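Next come two complexes built around chain A: one with chain B, the other with chain C.
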Partner chain A sequence: MEFVSTTLAALAEADLVLEVRAPVGRRRAIGALTVLLGLFIVVAFGFGSISGAHSQFTFTPVNTSSGAPWSLGALTVLTRWWNVALGLITVAIGAETWWRRPAGALARFGVGGIIFFFTLLLWAGRQPGPDQTSSINLTSVLIGSSAIAMVLIYGSLSGVLCERSGVVNIAIEGQFIGGALAGAMVDSVTNSFWLAALVGILIGGLIGWLLALLAVRYIADQIIIGVVIVTLLGAMSSYLNIQVLAPYPNLNVGNNPSNVAIPLLYKIPILGPVLFNQNMFFYAAIVLVALVSFGLFRTRWGLRVRSVGEHPKAAESVGINVARVRYTTVILGGAVAGLGGVAFIAVQGQFQPGITSGFGYIALAAMIFGKWKPSGAVVASILFGVSAYLVDALQSYSTPIPTELLQMFPYLITIAVVAGLIGRVRAPASDGVPYKRD
Partner chain B sequence: MVHQHFMLVPVFTVAENVVLGFEPTKSFNRLDYKTADAQIHELSEKFGLQVDPRAVVENLPIGLQQRVEILKALSHDAELLILDEPTAVLTPQEIDALMEIMRSLARDGKSILFITHKLKEVRAVADVITIIRQGRVIDSVPPSETENQLAALMVGREVNLTVNKESTELGEPVLEIRDVVVRDDRGLAVVNGVTLDVHAGEIVALAGVQGNGQTELAEAISGLRPIESGTITLRGRDITNHSPRAILDAGLGHVPEDRQRDGLVLSMSVADNLVLNTPRRAPFASRGTRNLKAVSVNATDLVQRFDIRTTGIDATAGSLSGGNQQKVIVARELSRPLTCLLASQPTRGLDVGSIEYVHRQIVNERNQGMGVFIISSELDEVVALGDRIAVMHAGKITGIVDPSTSREDIGLLMAGSTMGAHD
Partner chain C sequence: MTDTLTDTATKPSSARRFWSHYSSTSPITLTILALILGFVIGAIIIMVTSPAVLDSWRHTSHHLGDIGSSLKVSFDSVAAAYRAMITGSILDPTLFVHSISTGHGWDTTLTPISETLTYATPLVIASIGVGIAFQTGIFNIGANGQAIIGGIAGTAVGSMIHCPTIIHLPLTLLAGIAGGAVCGLVPGLLKAYTGAHEVIVTLMFNYVCNAFLLYALTETALQAPNQANDLSRNVDSTAILAPIFGTKSGLRVSYGIFVAAAVVVLAIWFLKRSSLGFDFRITGANPNAARASGINPKFVVIAVFLVSGGLAGLAGGVQMMSTTHYIDGGFLIGNAGIGFTAITIALLGRLQPMGIMWGSLLFAALNVGGRAMQAATGIPLDLATIIQSIVVLFVASPVLIKEIYRLRSGAESFQMATKGWSS
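Moving on, here comes the complex of A and B:
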């Protein structure tokens, strides 16, 4: 057995040499980029504001009906030095990324991006003297971001489920549309978001079943059928909007579900209203993350799903029914995205064609950004959600960059992530590869 | 059943792979890793196959991965173990270890069906040898039969298993590889500073276990993969990072490793495949229009000269047997003046008769003063053909030895040791 250990040692050594050299360049580049971003913040938003300019934060939620007992006063700060400090923090994050090349390099860049938008907001909202007429409500920023992040979490969880089993679900956008439309109508008629959620789950599952039927049974190209399903749902929702929703406005009243405050916790300043005084869809998203994570990585079901996504032939060789596993996981994933569509309506109110505005694709990018893990998808969804909200908030200010251009930002990042421009992470080995028994 | 291509999920642990499909669980369907580990320890003890249940399979050397495959089969209480070409990916030492495992399993009362094309191995381990040709059982013989007798049964005629080579004059270096570094698709430097010369009139054979950078080196030489640093020259001319077309035109013949993927267009005819590397060149085309007459004359000639068995020159390449597909590639590459021939795994998957034929062609070219660079993971082939044998491990040349070197020493070099004999 001596030669076996010799071989092992030699291979281990070779592995080590190769491993250390591999993804270093990418992480360095991301670190350098973050440093540049930080320097830009220091120069443009820091020293770019006159020395006497101030910006103001407030912390009390706009909607005070929840009665947060902690009322924090406004905080007025010197715009220049706050932005210089935040820019330097970004530089430090970038330098650390450059120096240590951590696995979480991308997430660090994401934090840099959020600081970028935040400082831009501070800069845009500055006023020449210490007397302030407008302010940035930090709690509102977080609540608004959490709404976008929640929708993205549903979408990216759906993506994680499907792709872990080896089917690319580009139809998330379509499942959003289907869930949103059905959810709006059911809620308008029954005035119950519980029923709306149920119907959304069914509609999403149905679209998932269609995807599985074409992808698994008829071995069609998953990308193409996914895009076709999105197009189909988009066109169908426009048609129904004109033919049904417009003439019968009581089918699209645009309710919002009431918030459920969690006793005591909701009183925590800032975090309380954001995390513990939300609607049921927000809590359901958190429970789903835990469930999917547990299911995929702790249970027999999850092991089988992942084996099918990695090496379907190996799975088949031990008696696992590859087609059935893919069917069930894709239907489940569709149901999750369908529920996400209803969550969309819960946030937005009325249904309108194009309401999902590509969030299904951004969710897909969040899934890749999060390395096909539920926990990673959550982090990515939060990063995307916060930056999307900040960009949105900038609309009410005059900025030197047209906000229309800034609003393209999430989609540009999506293209970069999906195209693998900022470092390819490893997808399940058989992701998107149809399995044919021979 | 232990498959030729492992049925293991690379990112799973040993335990997860072994129990997949038969997982022990706790409440809520949770996986019971403790029980799984215990099962594997028990099997390891029982059959003497040590492996760490928590190791991730892709980090294990191929030999150990195979052990996991065997454990997986045994965990299902298999009485009959089918091993399909299990030795293709192993070093000679790992093959010895596998043979030992097979013998001990047989002693424990298991039956083993060992499918291989390596005559040495069947004779070393089998109790009964059954020969199959074209889907029919030809004969069953005892292992006392000689290799030549076995080969004759496999092919249906007498075969000369030894390659006859007369010594030739060593000429100028034709292919010079200097400190070449090449990365694979994942960005790993899998060729890490290789320096090697091939002279006119010699065959240099590159030995090594699959996956140690040979494939990427061949792709780099033929222009299919960018070279990060280092140079490659062909008869003094720099061809580093030139386009594949420029490199072919400079006089490199290339027999790629995967003939069906990289060597042929399976849906095109034999005739078209025979001019695949010179389709725009006179006489096969002029002013952008193909000269089909010349193409078919060329095809008829080559089919005859290289004894390609096909229903006609218009038959698709995909309809040919593996051996004849390889002949099409060899014919195409050798039908034009070459400085150097690069042949990767030139006889992989071929029957003994075709192997003999391809080997004869390669030796012919070398006798006529061409430099030949063979890349092969078959040690038998390397020893039979090579005038010099270079051994590659983990992206580096671990030694350049004479073909008379013992298999054990070459095996050690293949496993990464540089203590073996050097000439």
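Moving on, here comes the complex of A and C:
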């Protein structure tokens, strides 16, 4: 009887029918892994720090030009017991995953991963300790993470759109580069991030169109085309940087858009500066997530996109123009990534070749980690963003584990997920398969 | 069929026969046409971004005629750029004539071709590895990471073990192969036993290997003594691939080209004559038929990743042994990275060892010539990569070339190497 109910519960998650095959074992494994992670935190970062050592949090963001939140004082905590507590929370999350085997098992593991980095940060910043850096600015950590997460959200949403329609978009990185370069130039000339965003959308859409043209119309291999487009855009941006941006520095002044503080809400400590006092690209990302999620799963257009990605032949037999749906969706996806490129510039300022440093590929990983769903992509982007930022922040501390090895973390986790070692993901059935009409 | 009959019956002129051959789109024709397109687009990019044109945009943007005249001026810069590219990568005729008549200055005359060969050496090896994987229907996008690990392993063996050349040199080469093979083994095993798509695994592995490189160069004994930067020890002189003409001549071309030549010959033999190579090709052509005829698909996937990764690792080792003799944090990351260049070369060479060899020489010449171009005209070296990417975009979509040149028929789309993530 219990078997029947678990099977039904698994079936209820319509998106992941494949998981019926072995959901129980995998989610159990994720739970067990999370428990182990928690125990490691308790032992290594909890009891591994000397009794009486303390770590200090501060909460006021560094940049308060567009309004500061209600101020909180500094919080000094005992490193050992806080890490033990956080480790135990991780153990509890793992135990819950083990016990209930929820659909969000992977996300729970991700939370465990973030706690791992956070406790490592606490441990590394302890006083008396090896480093002089005395306090951890929690709000800054979250703001920095949100900037990375925002870019990843744009990229992974672009991937979700394209791959749901059956075209692999490995060229997200290229669309980032194109959007970033165009955005930097347009903003420098017009001093308007609105225009920059518009041009970034156009450039990203254009690159998406190139991908769609070669992949859909000329039936070239999508992965090859994507890889080459990234190479092309990388070289192109480096070329233009030397040939155009260097002699005309007024084309690359590196503005940052001012933050838009949402009245009252921005005053909430910690959360306010992170969620309600951001630039327009951050809010646009949130709106986009809702739009893509609604569009894909609640509209006729979305149903068409998904059917074309799953079974183009069946879609065509009911009168859907497969090529046209793929064209529009890939162009749309490219536009989203292009906007992400402009968002990159909004955070980073000046354009430099290599500025996107592989974030397009991490976004691809986030999309896979998020199981080809907008909501999943957001969760994965946040997880990757926070872990990327914390790894970066940890570089100024002396940690027991070299930061170079910690940098591998998101990639190794993605590999483990793709391999089904932890969790199981399933791509749209016709993802990457070109459709030829008979 | 009827066409051929009438053709032979009427005995067309040689020009007509040439046209018929040209328009029947053989792979070589398609490649040449793609190259022409690449250079034409490259020329347009040079012209549009030349300082003369940019200036006329800035100062007299309301007089379109000025832009027209500056476009004419920039025509010359295109000619200068491409001339510098050719003389800088193959041979400078004036220097050649000078050397012929005086018998001196051969070192300078031969430098461009020596540089091209030096640059091509690791490319040939890595691209053949990628090509063999392609032929098996496997997309090895991780040659960069594999080459990096090969370079690390080669540097470790070359700098920390001390023995005579006769042992040390082969041992270092083998270390490179082993490093790359181990790095390729992981995606192979995962693909064989869990079905994880090799593209995403190898892509992620590139980053893992990059991080490992930085780790190895800053935290391990591989780092040069008393060195704070990410710089490795130098390998022993017994473990380097020495310049063929000695260090005095200044010509960098090393014995590494013989390693590359051996790889070409071995790859031809392997694919055409060996039974494992046959298994590879059959699996690539039709996995179901391969399975039905008793070929173990799991074994093939693992084996092809060992071969492909091993070759990429060898490329990394040879690169280190024949040029720098040490590695640093930017090892093999220049331009687009050797892994992505290898993918484009493998496609350009249509996955065949000989084709890949010519493709590598061409791409190496483009890069070396691009450097000369940058020095002579100030046009950035990246133009070479732009032209390469455009050429490969066209090579990968032959139907497009067919349409652009209005060719008759016969253009088959490139055989799909991969079919989605989840297969």
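By definition in this document, the second predicted complex is superposed on the first by the 401 of 438 C-alpha atoms of A that agree within 3 Å, B and C clash if a C-alpha of one lies under 4 Å from a C-alpha of the other, contacts with A are read in each partner's own complex, and residues count from 1 in each chain.
Here is the rule we go by: contacts are C-beta pairs under 8 Å (C-beta built on N, C-alpha and C of every residue); 3 or more make two chains touch, one makes a residue touch a chain.
It should be emphasised that the depicted structure is a prediction, and the values quoted were computed from it without experimental measurement.
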| Given the touch rule stated above, what does A:F118 touch, chain B (first), chain C (second), both, or neither? | neither
Touching A:T299 in the superposition: chain B (first), chain C (second), both, neither? first
Going by the contact rule set out at the top, does A:A427 touch chain B (first), chain C (second), both, or neither? second
Once the structures are superposed on A, label A:I223 by its partner contacts, choosing first (chain B), second (chain C), both or neither. second
One more residue to check, A:G319. First (chain B), second (chain C), both or neither?
first
Applying the document's definition of touch, where does A:E310 land relative to chain B and chain C: first, second, both, or neither? first
Per residue count on chain A, the busier partner among chain B and chain C is C
| A:M408 contacts which: chain B (first), chain C (second), both, neither? | second
Residues on chain A touched by both chain B and chain C 429
In the complex, the residues of chain A that touch chain C are 163, 168, 170, 214, 218-221, 223-225, 227-232, 234-236, 238-240, 242-244, 247-248, 358, 361, 364-365, 368, 402, 404-405, 407-408, 411-412, 414-415, 418-421, 426-427, 429-434
Listed in rising order, chain C residues that touch chain A in their complex are 45, 49, 51, 54, 58, 139, 141, 190, 194-197, 199-201, 203-205, 207-208, 211-212, 214-215, 218-219, 335-336, 340, 343-344, 347, 379-380, 382-383, 385-386, 388-390, 392-393, 396-397, 399-400, 413-414, 416-422
Within the complex, chain B is touched by chain A residues 1, 3-4, 6-8, 10-11, 13-15, 17-19, 21-23, 25, 298-301, 303-304, 306-307, 310-311, 313-315, 317-320, 429
Residue positions on chain B within touch of chain A in the complex are 1, 3, 6-12, 16-17, 20-23, 25, 28-31, 50, 59, 61, 63-64, 72, 91, 93-94, 96-97, 186-190, 192, 393-395, 411-412, 415-417
